Amino acid sequence: MDLKINQQTKPMDIKSRVELIDITSYVEKEVENSRVREGVCIITTPHTCAGIIINENEPGILLDIVNFLDKLVHSGEVYEHNKIDNNADAHLKTLLLGSSEVIPVVEGKLELGAWQSIFFAEMDGPRDERRVNVIVIKK
Amino acid sequence: MDLKINQQTKPMDIKSRVELIDITSYVEKEVENSRVREGVCIITTPHTCAGIIINENEPGILLDIVNFLDKLVHSGEVYEHNKIDNNADAHLKTLLLGSSEVIPVVEGKLELGAWQSIFFAEMDGPRDERRVNVIVIKK
Amino acid sequence: MDLKINQQTKPMDIKSRVELIDITSYVEKEVENSRVREGVCIITTPHTCAGIIINENEPGILLDIVNFLDKLVHSGEVYEHNKIDNNADAHLKTLLLGSSEVIPVVEGKLELGAWQSIFFAEMDGPRDERRVNVIVIKK
């Protein structure tokens, strides 16, 4: 086996419209389960209103990110998509964040920097569950 | 074979300066041709004024994305690069969009969400052709 | 060997707060050293205040990028994270840029477009050294 894909619909207790959920320990466990010692870990999500990001798990910056994205897309704006589904702002924020991250795996562990955590970035909550895919490619 | 790269200069009928071209069926066909059952598909483009994005193929949101990007970079702005080549706005939009996307392949198909489509995001059209690379990594 | 990871703490002569360092020739050399003829090259960085981007190495556009990012995050803004560490603007810029890039390798060379260069994008300098990871996956 050179590559392991774990697709999981994860129960998520997302209470707000925009919320950053730290999934680092979940991804770390998947890497551990894969028994890959050296390789690459890819995290993706199949949603158009949620992304995968890397940033610091510090309450202040997480709040800053939420407010910054809100300001960038001006959620009060008139968007065409809102005639269909009232979440154009969530689509635009997701566009900026991206749907995947790639992280090296070294000696069986994610090669994350001291301040890096992985987040599921919900832009259109609240939600009870969301899908996350973790792929580990082996050396 | 563990990995298949298909580089293709694709004829593209891009009529506007900014246009989002749905390339999902093209990428799906490449995955099918690769006969990979489980793996990862990576889509890249070698241009500095065009990106690869994932979003919903709904006319309203596609228009919203185009307008949102225009507003973010204020295309009337004075940019240094415009002394050389009048497309700084296209470079800045591409910077925000990114040049690649990564999608799992499961049971021979792209693991896209119900609302996800893949787009070639032209920021400096019109154009007759552009390059797209599709890479499929096999389990 | 199907995959080669080179993690390197690179001495970097970053003199400004925000600086784009062209690392294309370094990455090209790593691809050459890996002796991979066809595959994929992934470049990542483990910092929360620096990203990896692809754009044109033209002084005007590099200045435009720096100014554009500054304007987007309004560095004078009151951010919560600044109570802890005075670099919320660097975190927000990195969020928009992303921490990785993926490029095909064809005939032993990076499949970069004519105008594409790879940059280490420092958002929180000056710095003497920073880490860059280059991963090459072989066909």
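Letters are used for the chains, namely A, B and C, taken in the order the chains are written, and counting of residues starts over at 1 for each.
Following the convention adopted for this analysis, a contact is a pair of C-beta atoms (placed from the backbone, for glycine too) under 8 Å apart; a residue touches a chain by one contact, two chains touch by 3 or more.
Computed from a predicted structure; not experimentally measured.
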Practice task
Could you label the subunit B-subunit C interface same or different, taking same to mean over half of its residue numbers are used by both chains?
Solution key: different
Completion exercise
Here subunit A maps onto subunit B under a C-alpha rotation whose angle in degrees, rounded to the nearest 5, is 120
Practice task
Could you put a whole-Å number on the gap between the CA centroids of subunit B and subunit C?
Solution key: 20
Problem - Residue numbers of subunit A (touch at least two other chains) - result: 2, 72, 96, 98, 102, 137
Exercise for the section: Show which residues of subunit A lie in contact with subunit C when the two form their complex. Expected result: 2, 38-40, 53-56, 58-61, 63-65, 68, 72, 96-98, 101-104, 106, 111-116, 137-139
Problem - subunit A contact footprint on subunit C (complex, rising order) - result: 1-5, 7, 42, 44-48, 72-73, 79-85, 88, 91-92, 94-96, 98-100, 102, 131, 133, 135, 137
